[in-house]
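Chain lettering (A, B, C, D and E) follows the sequence in which the chains are written, and residue indices restart at 1 in each chain.
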Amino acid sequence: MNSSFINMEFLIDTFFVALSGVPIALLVTVVALAIALPIGFFLALTRINEIPILNGFTKVYVSFVRGTPIIIQIFVLYSILPLVLASIFERYNIDFPIYEVNTLWYAFIIFSFNTAAILVEVFRSALKTVNAGQLEAAYSVGLTTAQAYRRIIIPQMLVSAMPNLCTATINLIKATSLGYAISLQEITLKAKVAANVGYNYLEAYIDIFIVYLILCITVEYLFKVFEKRLSRYKAVATA
Amino acid sequence: MEKYFDINYLWTALPQLVPFLWITLFVAALSVIFGTLLGLIIAVFKLSKNRFLQLLANSYITIMRCTPSIVLLFLVYYGIPAFADSFFGIYLQDVHTGVFVVITFSLQFAAMMAEVIRSAYLAIDKGQYEAAVSVGLTPFQAYRRIIFPQAVVVALPNFGNGLISVLQEGALAYTIGFIDIVGKANLIIANNYNTHALEIYIALAVFYWVLSVVIAKIFELLEKAFSKGQRSLKTS
Amino acid sequence: ACGNGESEKSSGTKTTEDGQEVRVVKVAYDQAGKPMTFIDENGNATGYDVEVMKLVDELLPEYEFEFVGTTNDDLLIGVEQGKYHAGVKNAFWTEERTQKFIFPQEFLGLSSAGLVLKKENENIKDLSDFATAGMTLAPIAANNAQYTVIAEYNDANPDNPVKLQAGEEFTVDVVQWVNEGRVDGGVIIEGAFKGQVLTEGGPYYNLKDEVVYNEFAVIKTWPLFNKNEQEFADAYDKALAELKETDKLRELSVEFYGRDLFEVLDKVER
Amino acid sequence: MLEIQNVHKSFGKNEILKGVDLSVDKGDVVVILGPSGSGKTTLLRCINFLERADQGTATLGDLKVDLHSASKKEVLAVRQRSAFVFQNYNLFNNKTAIENVAEGLIIGRKIPKEEAYKIAREALDKVGLSEKYDSYPSQLSGGQQQRVGIARAVALNPDVILFDEPTSALDPELVGEVLEVMKEIAREGTTMIVVTHEMQFAKDVAKKVIFMDGGNIVEEGTPHEIFVTPKEERTRRFLRRVLPGEYDFEI
Amino acid sequence: MLEIQNVHKSFGKNEILKGVDLSVDKGDVVVILGPSGSGKTTLLRCINFLERADQGTATLGDLKVDLHSASKKEVLAVRQRSAFVFQNYNLFNNKTAIENVAEGLIIGRKIPKEEAYKIAREALDKVGLSEKYDSYPSQLSGGQQQRVGIARAVALNPDVILFDEPTSALDPELVGEVLEVMKEIAREGTTMIVVTHEMQFAKDVAKKVIFMDGGNIVEEGTPHEIFVTPKEERTRRFLRRVLPGEYDFEI
């Protein structure tokens, strides 16, 4: 039996190793969100407005992402993406060095694929909370549909989407911990590699745990601040 | 890509995977049962007026919310026995892996359920309680006969979502050597010298997808069956 | 013959018909390590390492082995923590591992590690050629000893390192990756290469003319024992020494690796 | 029948009820008027212990309780002798009309099921809902829901029924049917305290009208006294706003 | 000013409007009465293209459009010459009072910001909300919200303002302030079509009262004609229910 429960020195050293994975984890999160937000919103609109073909496609897409474990999505996409891309490039004679791309790009694609589907549902339910009367009122003062969305609907929709956006973001950050499966140099992989040298897995996982805790609580806090700013119009008279 | 993709691997994998589906479902079922009970307690804490209990519940929920499943799984699987051994001299190394899997996902499910239960409770108009006590029911009777049945209906869709998500998080149990459907899939891949993984993963994805669609459907029907009183005239 | 108090509570004893005490020990194996350690179609443990341990079991009447399949990570942590008394996973010897495990005197077998390369890169014979050519290497799971071998090479050759990446074993299909050009090369065990590419009916038999296997080392592999299992390790040594007198290990090597690796034993460095 | 004395109630720092006294005789109808926020709802809720008053007593027949410190048993006793009709009906959404009415009888009063259902049917018949026994609240119009609410109260055969603006959530056209039912019940001799803005109802039915403002009873009297010869300026100002051009006070 | 002809509208199989004609002269106030479900709201919504009619035309000054097949440009043109005041206000929740009023001017009408704010301030002053420029809707009472809604409509200086039960979501006491503002605006000569249950308002302000039932205009005339000498039995029945005991028709 190992004599001491926890190797403190290793615990502290590896904490910083794990911490050094944060930029990659955040980069993947931010890029995936940046790609997924507009796609998710657009697809949510196709669902709400029941646009014939797209609506059906979105339904299937969302159902697949929500219906399968993300680790399996990672496995499948990571295996299939290069094959599909390579054959596309081949067909159109595009000379693109598909195999020289960094794993980071796979991570961007995989996590965007996943997050966009989640955001479809987030935006869809948020759009539903905006009273139809708001759109009508905008029409009645002579705004076009695009103007009404930009100035009235989206700002209000965002407020009710905030808590779910926060959850989606946190789930995304957590999901990057599965990036180890595609050799993404993020928090978990870095700590695991460090652990491997002396087999200090327990310590490594405690470090990973702490790093994610800090990361996610910070993100939660930021969202709360942002949400408060967005929803200042909800303040009651007595406040 | 036809060069690599050999559908035969997929077909041969399917029957091999089926028996392990039950293990996956069993683990999910146990996690749901224990998780719901724990979640109920946490929801009660969070709704209570006691600041300390609220803090406890909130911290629990935050920690669970912020911990990736795979990390939680490892901490439970290696942490609990090491901790029990170092501090209490209790030897837990012989405990079956499945137990740790169930503990992990029960803990996680409880955090989800606490919020589901709490919001379902809050969704029921206070007037329902007031009306019940005003016709002479005791507070307990009011909860049991009026509030609870309505809260269940409100909670149902979120409960279904929670169930689907615990099923999916469970897919990570393979990382600690637990052989459920994913574990079995990885064994099949290993037996093919780690080749043709894609076909096997697609088989897995199909299982999960069908499963989640079926569960969603079941909950939709349940919701309909339970919400007879809530149905609005328009939709009937 | 029992261990100390610590391991006593973790292992049962049995009594055979002739009244002898038999200690039941748990031997973990990596269930995804074909052809060294794996589960066959019937759900039984097998592979070179496992079969050797079965022979050892036969020679040790006072022990009864219980084979427990698990993952790489769990095997290492489990043997260290005492959940398992010993483990086999085609393990190489590394300095760090001696801190955590007992390595016995007698090695278990030999493993030929090599590079999978495209046919046109046949001339890359070892890691330094590979590094000089600036080629990319398929990711290796961080807990796999292959990772350590490359890492050690890099430490020894800081001016000409191989690009080493950690990954997950299930997502890396080395031969296919090399063939499709996703990476230039991958580390593989000869047995696995033969099973995949050179055996008729193997999954990549169709690639037998496209990819090559270039051995860069033959390495001794070891069972790992829990730190408290010195006595068990000694018993193992005794049995294995006996086995090495016979041809049984050579036969198993041929059976699982398609080649008698003991022929090159004198060239083995580690 | 019901006598309330010196009810005080604050929410935080706001004193909402500043010592209200009120008495109703058996079979009488008392209507409470007053501007929004004057404490009308709070007063009714304190009587039925939906809020705990800070001070005050209630005497209901032979039962005398302290509105601040009544025990659980006393609370239950008061609730079993009184009934409440809510502004927004508060029917049990998960129960049909007849189950709504029977619930309090079966569970609260321990009346056998068949008998309870018999009483419930009679109560629903009385409010004109013989066709709707098995409808859920969501399948009923607002007026019908409120009539179920009244039947639920009536079925309990309470000493007093408290109505809190029973018609104010209804479409104008549905108000009539509910007021009609309330008049009918008043005619049968049920004791009622009614908070309402329906002046016509007050004039037709009330024995006594009470005008509240700022947590106090400003003025009380017969409908004629309040509507035609109000003494207080505050009362007049209120009535002028609520009944514009309809009344000319005799000054 | 505004002339509507032969408006038909069905929802699914229900024909809600069965060929309605309506005309309003500049500066006139027309009040529409009718039981719930008679199609009053639907009519107003068709005029403003919040619903697409199945058939019908509207002439607004020199602009003539087909209510069924108007182009996007025509729709926008009609909306810029008309304004709508909603039953439940529909203020933009994420904008302050003044932003609510200015929004249509700046974005819809492309009026420069400073000028738009000037107009918005004047409109808010007119409805008595000089103090509330920067309040969000959630910080305003119902009556104040509806006054912002009216200011928003007035600021657009439209040819006609459509009111759909502007006071029916308000507490009784707040109704007065909104009606007062509406009377004021009517006095200034704004063309208005008002769906309301406020008979007093109709009597005081309307040039013409229209009674609708079942998707048709049953009767129209001056307030006196409709309230005192209604010709149709249906009109009488309706008024009797809504104004119990208040009117004695001359038969």
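Just so it is clear, a contact is a pair of C-beta atoms (placed from the backbone, for glycine too) under 8 Å apart; a residue touches a chain by one contact, two chains touch by 3 or more.
Which chain is which protein? Per UniProt: A = Amino acid ABC transporter membrane protein 2 (PAAT family); B = Amino acid ABC transporter membrane protein 1 (PAAT family); D, E = Amino acid ABC transporter ATP-binding protein (PAAT family).
What you are looking at is a predicted structure, and each value in this text was computed from that prediction instead of being measured.
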Most distant chain from subunit A, judged by the mean position of its C-alpha atoms: D
Centroid distance [mean C-alpha coordinates] between subunit E and subunit B, Å: 52
Centroid spacing, where centroids are CA-atom means, of subunit B and subunit C in whole angstrom: 37
Whole-Å separation of chain centres (CA-atom averages), subunit A against subunit B: 21
Where subunit A touches two or more other chains at once, by residue number: 1, 75, 79, 83, 86, 201-202
For subunit E, residues contacting two or more additional chains: none
Two or more partner chains touched - positions in subunit C: 73, 77, 81-82, 170-171, 173, 180
Set of all touching chain pairs, with the criterion as stated earlier: A-B, A-C, A-E, B-C, B-D, D-E
Residues of subunit E touching subunit D in the complex: 35-36, 168, 171-173, 176, 197, 200, 241-242, 244-245
Subunit A contact footprint on subunit E (complex, rising order): 48-50, 76, 79-80, 82-84, 86, 88, 90-96, 103-104, 107-109, 135-140, 152, 156
Partner subunit B, residues of subunit C touching it in the complex: 9-10, 31-35, 38-41, 69-71, 73-74, 77-78, 81-83, 169-176, 180, 192, 195-196, 202-204
Parts of subunit A lying in touch with subunit B, wherever the complex brings them together: 1, 5, 63-64, 66-73, 75-76, 79-80, 83-84, 86-87, 167, 170, 174-175, 177-178, 188, 201-202, 205-206, 208-209, 212-213, 215-217, 220
Touching residues on subunit C, where the partner in the complex is subunit A: 6, 73, 76-77, 80-82, 96-97, 99-100, 139, 142-143, 147-148, 165-168, 170-171, 173, 180-183, 227-228
